[in-house]
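Both complexes below contain chain A, partnered by chain B and then by chain C.
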Partner chain A sequence: MSEIVITNPANFDAPRPTIPLPRGPIPAAPPKIARRSIDIKIDGQAISVPEGSTILDAAKELGIETPTLCYLESLTPVNVCRVCVVELEGSRTLVPACSRKVEPNMSIKTDSERVRLSRRIVLEFLASSVDLSTAPNMREYMDRYDAHPERFGETRATVAQPIKIDNDLYVRDYSKCVLCYKCVEACGVDAQNTFAIAVAGRGFSARIATEFDVPLPDSACVYCGNCIGVCPTGALMFKSEYDMRQAGTWDEARQTQTDTICPYCGVGCDLTVHQQDGKIVRVTSPLDHSVTHGNLCIKGRFGWQYVQIQPADPPEE
Partner chain B sequence: MDIHLTNAQATAEERVAVDSELGVPASSWQGGQRQTSDTRAAYNGDSHGQRHRLLPTLHAIQNGIGWISPGALNYVALRLDIAPAEVHGVASFYGMFALEARPRIVAHVCDDIACITRGSQQLCAELESTLGPAGSPCSGGRAIWLRSQCLGLCERAPAVLISSAGEKSHERVLAPASARAVQFLLDDAIQDRLPAEPDVLDLKASVPQAAQKSSSPPLRLLHRISQGCATTIETYQKFGGYEGLRKAIALGPEGTLRELAASKLLGRGGAAFPIAKKWEALFLQRNLLQQDSGRAHYVICNADESEPGTFKDRILMEGDPFAVIEGITIDGFVTGARQGYVYLRGEYPLAAERMQHAIDSALENGFLGENILGSGLQFNIEIRRGAGAYICGEETALFNSIEGYRGEPRNKPPFPTQSGLFRQPTAVNNVETLVNVPGIIRDGGAAYAKLGTDNSAGTRLFCLCGHIAKPGVYELAMGATLRQLIDLAGGVAGNGKLQAILLGGAAGAFVSPKELDTPLTFEGTRAIGATLGSGVVMLFDETVDLRQILLRIASFFHHETCGQCVPCRVGVTRQEESLLRLVSGKPLGSAAQEIAMLREMGQAMRDASICGLGQTASSAIESALQRWSIFS
Partner chain C sequence: MLWGSNARETHPIFFHHLLKGLRNGAELYVIDPRRTSSAQWATLWLGLDVGSDISLANAVAREIIAAGLHDEKFIRHATSGFDAYKAHVEKYTLERAERETGVPAAAIRKMAHAYAKAPRAQLCWTLGITEHHNAVDNVVALINLTILTGHVGRYGSGVNPLRGQNNVQGGGDMGAIPDRFPGFQHVENDEIRAKYEKAWGVKIQPKRGWHLSDMFEAMEHGALTTLYVLGENPADSEADRHRTLKRLTGLEFMVVQDLFYTKTAELADVVLPAAAGAFENEGTVTSSERRVQRVRRTVASPDGVRDDLDIIFDLACRLGHNWGAPDPETIWNEVRSLSPMHGGMSYRRLEELGGIQWPCYDESHPGEMFLHGRFWSDPLIGPRAPFSVVEFEPPVDQLDEQYPIRLTTGRKLDDYNTGVQTEKFASPLRREVALEVSPEDGLHYALLEGERVRVTSRRGSVVAPVKFDAALRPGLAFLSVHAHDQVSTNDLTIDAVDPRSGTSEFKATAIRIEKLQPV
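Entry: the complex of A and B
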């Protein structure tokens, strides 16, 4: 980029913006619309839920447990994992419960033969191609639907690949990636607006990647760690957690969680500090907190090492 | 946006390629030289709303340089204000874009099912011995040949498409191709001697009915192709062109809709949706359009014909492009859209050239632009080229592709008529459907409905390929039987003994010679568990190893799934693995167990996939397993 050279300072006017700054009226909040209720039927039970609710919301209301993987209440549903599919009367195909909005007189089955078959096969597809060893809930789902991923044979294609450790804060093990799009959403418009990662490639080789797969430190990543916060399988993991797991010392049963407020700036983000054996091992934020919605920045997420510096090494005079 | 870029810089040549599409950057904020007027705030840096220019820009680099380098990608990111990771995500989605350096001259050699019946395997074997293995540079490192999915040239199989990147990029179709001809053409490309025309439409080879002096009954869709209407708008008008638009304007949108409803025309792209209903859905929203200046309606001509074995839309665009344009214009008139798009398959150079010429001529002659035919109608059409992704023929994937995102389908609802391109009400129609429209309006909907059967009105184009004596596009009133169609096309070729017919392409179904008396209607094919789909009728004689054909279909879907949803992404992969085991005689358990597993996977893919690709990816394979015991 060339420098601006001022040839005659006497005649120099400070450059003025060619487009005036927008100065409009302060936008008013849209009027609140009273949401009408919609009557639907799930597994034979009638229920009335507010307009705009999803089938998943309604099922939850009835106490029907629906497996989900790519769904998270703080993100826009992408409905790509398809484990939440349900049978909707009149629909040619099954529909995703997490994103399909209720419509009057819908009649839904959540545990029919068709639903169970699709959920089982989807779980088998996932478990046969991805390492789900650190994914909570998956074991339980697999038992519930009697999934046997090993039946696709020994030579089946998987996404197994070397782990990516290119920075001190978190590791990326894409052998565990189910391509749920959550990290991309959290890095993008749903939270961080950094756009350091995107889905690249196509088909079975589609993957989460920076541009040309450059290491994270060369990318736009700002290490907010919001992608770790939403990852459902442990493909994205705190380096601290990864190191402890490698050393065999990671033990969630011995961990406690303490909520506190981030000490850094005035925003007041809620932190949930996870500690084991008197040491912080990771930091999350509650999804339902009105300030963070589960999101933090690099300081709140990773800036806790100073807490753990031992007084054994006094600073040099 | 605050864009973070790596240090990779675009070369001067790459910048020229990008600027040829986007123009010279207006300020340093958009990648130009820094000037005093740029100030220190990015007032001029706002490229928002430009994202839809991403795909054409990537094409410009691919055509100009032959591949998209990290530096070029950075420059595009800067010019369009899109994060480089996202640009990379989009570029890596499309088969036609290379993200690693490769020679400027590429021969795409089709080895898909229609070409297999016409010697593509032998062609590939010869190329391997003369040029070396596919995917490694040949001709002294100046060219490369690649195996390709169906190129839509099935009536002239085996097919090859040669592309030569550079300041003046060229494309040239070679069909039918021989290894020697490929070599000659590669040499021509290296010496910059490729013919100016990308291809020649040979009626005898592609539209046998039109090549005949007369046919009875007269052809509705193909009659102008033999009249040289492709290049001059005057000739097009001499043969009835624009009478449909004139009458539509006289009838008004409501009157036009009435004729369309009376015609009972169903969409010809595969889904058979009533066109009148689709257009009416937009027409009924016209009040909102007037009230809200932020609202717009769009119409799209889906010309991303990529179903293996399908080539009818290409022939229509090459032979009668003004009819396509007239159909889209009527669409715009009825629906209140001011902008139409043609999403045209990237592998169709001649169709793209002819369509662009037709749009330019229509604009010059007052059939597009402001105040069309003095009626006050304002309408324009823009062509967008696909880039080698079958999935982009799915209408919602097509929206994402035009908008500059990865061509991944969206969940429905909302349906396109409510929220489509740029989240606005949009009508998407297939080329053949739109070409039907001017004639329907001109002659009246009732007259059209008299053709064909009660539930399948009108005439239909069929793409005959494989082991058929006279391959090509044929037009028949719906209701004719499969046998009549095959007889019309000269009967079975190859060894003369018919083994199987694939109806509707890779997403369709196989039928057996016992089913030759099936009427070619929506209801007739449905009754035997098949589909008309995109009009493919591909014949296989008894010498063909159907197992290899099934394997090629499975490999097609494995290559073309977008990868978004699990049932399809993993399902098509497992399906291919399973077929590979069956073909090599090493099933898991018994063959029957393996087939039961295939069926089960097919069920989940049909039920749980987001879009039609996954929902139909097992249909042809399952139809064959149902009709023949080929693996026992």
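Entry: the complex of A and C
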């Protein structure tokens, strides 16, 4: 189909609605500043990565799998779990791979005896005190590092506490919390900037809490669910998922995921809809999506329930 | 600049991006009668009187010109009508604007300088600008500022109307406006019309149709007697509800196609149960950043409920046009063949690239992250951007002794439009709909929080509980639009319509507040 051509377009003092505008140049973003390459060695293999990369990035590039708990690509590393530590030549202590930036000529061991021992102890401490039954990666990590939390005995201290169900959307079970701070980060400067939760208390009594530990409906929470989106252990859970788990009907093997676009405002958030047996059971968003970075608002995260409403009987004449 | 937008609540994930900018040192100016949750993040909040936007914009322009901060080179290169504009805004001194808008002159001056001096600046607006009787004037008053400063057509700079619905952009793009075919091609252009007539094998009327408000006018005069409503709930959403209901019930025949038995559906002769677009249909929607994205069927529709396409194809068949079996991708490819700006957006590319921003002319075109780059081409490509001379006009529904309070309306974070979808989930944030007033007015009228009061406008009257909100200035009240079964906000609002956009002045109603029991 031929295009409508404008003759002498610059003669117009204003666009005319009936005449299509001509094409302009294709817009471009300013060029990215080139980052210099840094040469390092990991487990004896040489690799060159852009300045600003972390040891974790470099290890990933080499196909070396590093366990992480408090790390997430969309959040600022807080270095609390220490499960990703690696041995850096010349360093007195082990360093966290998730946040330590590469420096020229670093020599790193990711699987030395010292690293394995440290990771094992971290996993044992966590698994001895926290209920990790809904943390999918933990079992695998514990097998890999031969962790035996049961060696601390039956009288070991735990963070077991009553589950908090104070609203229809979220369940908070801090018996399952490893204090990775991801929820705090997502609620804070890394995404939502609502600051409804923070770490309260010290030492073994440290826990995630709202201000003065009030129930969520009395807090600043706006129910975006972005904390649930980043929780690695299931301590924070959608009520829909919790209810199904309680009823024994939650079965991820029967679930499929399909991406669509949120039906509400015009921002265009990508929703990953998890369905089981023809019912929506959970909504998430991809971490690498340019619009959401994994984050949603209350409507995107929970506003799908209208889809499940079954048609009522036709109204009477 | 966020002008007449509470993006923190109405576009929460867009606001995440904005917050990243603030964390990186950007400044935010919020122009809104209410000190909203967006305004709380602002470098400066300009709490103007409802409907005084043009006075403010013109004064900003005057200040920029007076301080020599306008982009003379850009103005000469790419715009027209500057001299007349300059002479016009000369009348809008800071003092006059302070009087007309209620914003201190120093604040206007500070914003004007910050905007003009910024290396990059975005001007975003939403319904605070467009739900007025002079909506288009408001919009061009803001566009004037962008071409005055050259903040348009460049990376990081531009005008950005934040779209309020997931496919309101796409609806317009697809020709759901009275004078356009898909891709904004004008129906009154003979060549374009001939192209569509050839493709569709039908004669197309050479004149534009009616927009929504024209249609409601036409119902009043009996010029429109049959209505087919798809996914809209005008019985609740139109301004001046009493008049709306009179018009809808006066129709000879109305079909409503919707997910739910809405207030509008209750008035219909035929109701067609439709599937939930974003979750049960295949197709595309277009976001606020012009990004065409795929929606997909995630679950099956309930029994007896059909995809919109199925319904429309079946209807066409009954009317004597067999369009074959409905297939979203085939239809999309027809759009691509007729609308140049969608030409390169195959389903495959939409999938691979996670959506494409129009225009995208062919399959080697990456899509365009911003528009109007042509203004910076030398020599200039295409027509100039005209300055528009627009005058401040107060809202139609004027305040007086009988109706001394300005009521404005808007959305809440957890609800959406007439609440048809959002009322189905149990939001812990949701409270009973209340008339929100300033604490000062509460004191003035001797009101208690939660007390039920009568709220009366020149068109109707409702009873609502009172809630105090320190974000409101004295003389300003707020009602949400989500739950007309609780408080029928649109019984109060005025259908003073902008003749060009067809939008009613939802944002400016004159009301009075009366206690139900004497003190």
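Everything below uses one rule, namely that the second predicted complex is superposed on the first by the 279 of 317 C-alpha atoms of A that agree within 3 Å, B and C clash if a C-alpha of one lies under 4 Å from a C-alpha of the other, contacts with A are read in each partner's own complex, and residues count from 1 in each chain.
Here is the rule we use: a residue touches a chain if its C-beta (ideal position, glycine included) is under 8 Å from a C-beta of that chain, and two chains touch if they have at least 3 such contacts.
None of these values were measured; they are calculated from a predicted model.
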Chain B versus chain C as contact partner of A:125, first or second or both or neither: first
Contacts of A:263 with chain B and chain C, given as first, second, both or neither: second
Greater residue coverage of chain A in the superposed arrangement, chain B or chain C: C
Touched partner set for A:80, first chain B, second chain C, both or neither: first
Partner chain in contact with A:202 - chain B first, chain C second, else both or neither: first
Touching partner for A:72 - first (chain B), second (chain C), both, neither: neither
Touched partner set for A:298, first chain B, second chain C, both or neither: second
Common ground on chain A, meaning residues reached by chain C in one complex and by chain B in the other: 1, 3-4, 15-19, 193
Chain A-facing residues of chain B, complex: 1, 3-4, 6, 28, 33-37, 39, 41, 43-44, 70, 73-74, 77, 83-89, 92-95, 99, 389, 406, 411, 558-567, 569-574, 577, 581, 588, 597, 600-601, 603-604, 606-610, 615
Of chain A, residues touching chain B in the complex: 1-4, 15-19, 79-83, 85, 93-94, 96, 99, 114, 117-118, 121-122, 125-126, 128-129, 151-153, 155-157, 178-179, 193-206, 209-212, 214, 218-220
In the complex with chain C, residue positions of chain A that touch it: 1, 3-4, 6, 9-10, 12-30, 167-169, 189, 191-193, 216-217, 221-224, 258-271, 273, 275, 278-280, 289-293, 295-300, 302-307, 309-312, 315
Chain C - residues contacting chain A, complex: 10-14, 16, 19, 23, 80-81, 153, 155, 162-169, 179, 184-186, 188-189, 191-192, 195, 259-261, 266, 273, 276-280, 285, 287-289, 291, 293-300, 302-305, 337-338, 340, 354-355, 359, 361, 365-366, 368-370, 372-375, 377, 379-386, 413-414, 416, 420-422, 424-429
